[in-house]
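Letters A, B, C, D, E and F mark the chains as written, and numbering starts fresh at 1 in each.
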């Protein structure tokens, strides 16, 4: 299921369990998805990654749904199958409707297309856009 | 300024001018940025790209600002300098504050990091996420 | 001009000069572009890369112009500025017209768009396409 | 089979059926592949994407086989499994032989290699290649 | 110099100065490069990113030079100009010779090539490699 | 198992067998993995790719384990499933421990994150890093 296997809650040490507990409490759910169980083999990475994501994805100037859709958009652009599946579920949990999903995909596709037209035509930055 | 040069309004044929006019009217501005002037050498691509973007980026289930920030997020993930400059400007025009920009960048960075952790640890999709 | 500098013909050792000579003879030109002068600091890489490219890009089941346009298409998709500039010039030398360039860019853009729609919608491979 | 499921012909509304009919008529085939059935949940994206592809991939300055091989080359470079499978089939239908396929792959691989050598050695664009 | 400008030490608030001080102390240097001055507009991202990098890049099972070369390899593969420049300098500071740099580039190029051959030929994972 | 199938040793012509023999002798193993059997349909590509890899991955200024880990890092960054599986096995054969693997993944993830922060904040190269 992963190169080093998955660490289940009952087999986890207290440091790992503390992260799992926080994930479940923060997300108001009773399970932990494979990503965390896979990287739990490296407790430092597990803790750092979870704390980063918790900080970044929380409410702020952008609402959590918008952040989750941006996360999904980047994962689609990078073609990461696992990330697309998990963040589609995550975005739906936060309120993404099918209509929103479809428009999101259209934007991601269009951005990938125009990014390449820009590159191929060697378009230089307008003075108006310069820093 | 671009591999085939830029076609200015005064040198454009009626077909190209019509697109330029629609861009300026839709965006309520009096200028056209280099991207369009560069691809105007291919009027079919100019027209198709503009009509696609106009359809995709208009209001719908997602508001125009969210769409513009997703477009920017994908362009940042793809590291397209021109697109980053133009869509940062575009998102600001639609209301993106510096605080929103900073959170957006944090999400894009985080997604790119976790996408690779997933790949490297060879994490399989949870049953709960399967289609 | 490059991290280790550029090795000009007059400063090159015989091994490097032999590659430069073959590049110019094969391309029927009297100069060598920066890419080769930059990697000439590693003569093994210079020789290997040139021999690979000479073998791969020569006439075969695909003609040299088609190969050069594919090289350009990949470079545009990867957004490599130097490669886009050099292979646009290379393709033009082999007969790429502006009309061909424009259609090529349209295909590259479209492929990048649909690749992401496929990823986002999680489309599975049709039985008819399976190996 | 796809995040929103696949819309079969018999379950499709008239707008979607019209696109399916045009796909089959244009391609002289009696079936529609999963990509279209997946995005048919968004009829606007289905119609726009099909019309774009029909316009872009049709005969012009480049012949349809060359375009299909470029599409495949970009999909291989992007490592999109579905797209590779479908466009390999598409290119073969248009005349790509195994010999052509093999040379195409060699060019794609080589371009991806040299693109990174250019980046790593920080090669600057030759005056001769400048726009 | 950056979309939000660069925050110099003398203009930084205590929170940002503390990070700058730690960067200079850790690296045994008396200046801070632009990356940190650019993201200092978002103190949370500055602090998080620096602490992550400090933790990840420190000595462990892999020595700091190897880690820095891996960082450079990924940056080259992603074609990030700034990152290539800064991590080439960083790796040299930690002992990367020109000979090591050249071999590193050759590996990065080769990996990018073979990654695409694998994709294009649709190679399935050997039983021996399966998790 | 691959688009053109896999060529087993007993079905291979002498040219292909010679490469298989060299792969097994060099790696001190009695089997050949699918990648080689898939590209063996193009003996020129098989021979060129093997000779390139043999030259590049051999001992030099960098030791074989470091090279193999860099190869793995790039494959993870590119999200090539087959390459990740085969080069994880390859690196382990050369001495990569789980602790080294975990640190390697952390570096790859971090590099992918900071590459995008650099792009999004439009950070310019410091004078100190300029070539």
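The criterion applied here is as follows: a contact is a pair of C-beta atoms (placed from the backbone, for glycine too) under 8 Å apart; a residue touches a chain by one contact, two chains touch by 3 or more.
Source: prediction; values computed, not measured.
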{"item": "Set of chains adjacent to chain D and to chain F", "value": "A, B, C, E"}
{"item": "Farthest chain relative to chain D (centres taken as mean CA coordinates)", "value": "E"}
{"item": "Chain C and chain E, separation of their C-alpha mean positions in angstrom", "value": "27"}
{"item": "Gap in Å, rounded to a whole number, between the CA centres of chain E and chain A", "value": "21"}
{"item": "Junction residues of chain F - those touching two or more other chains", "value": "1-4, 39, 44-45, 49, 52, 77-81, 85, 88, 102, 104-106, 108-110, 112-115, 117, 119-122, 131"}
{"item": "Chain B-touching residues of chain D, taken from the complex the two chains share", "value": "1-3, 44, 48, 52, 55, 131"}
{"item": "Residues of chain C defined as touching chain B within the complex", "value": "79, 88, 98, 101-102, 105-106, 109, 122"}
{"item": "Interfacial residue positions of chain A with respect to chain F in the complex", "value": "3-4, 41-42, 44-45, 49, 78-80, 131"}
{"item": "Residue ranges of chain E in contact with chain D within the complex", "value": "72, 76-77, 79, 81, 84-85, 88, 104-105, 108-110, 112-117, 119-122"}
{"item": "Residues on chain D engaged by chain C in the complex (per definition of touch)", "value": "1-4, 31, 33-35, 38-39, 45, 49, 52-53, 56-57, 60-62, 66-67, 69-71, 73-75, 77-78, 80-83, 85-86, 88-89, 97, 99-100, 102-104, 106-108, 110-115, 117-126, 128-131"}
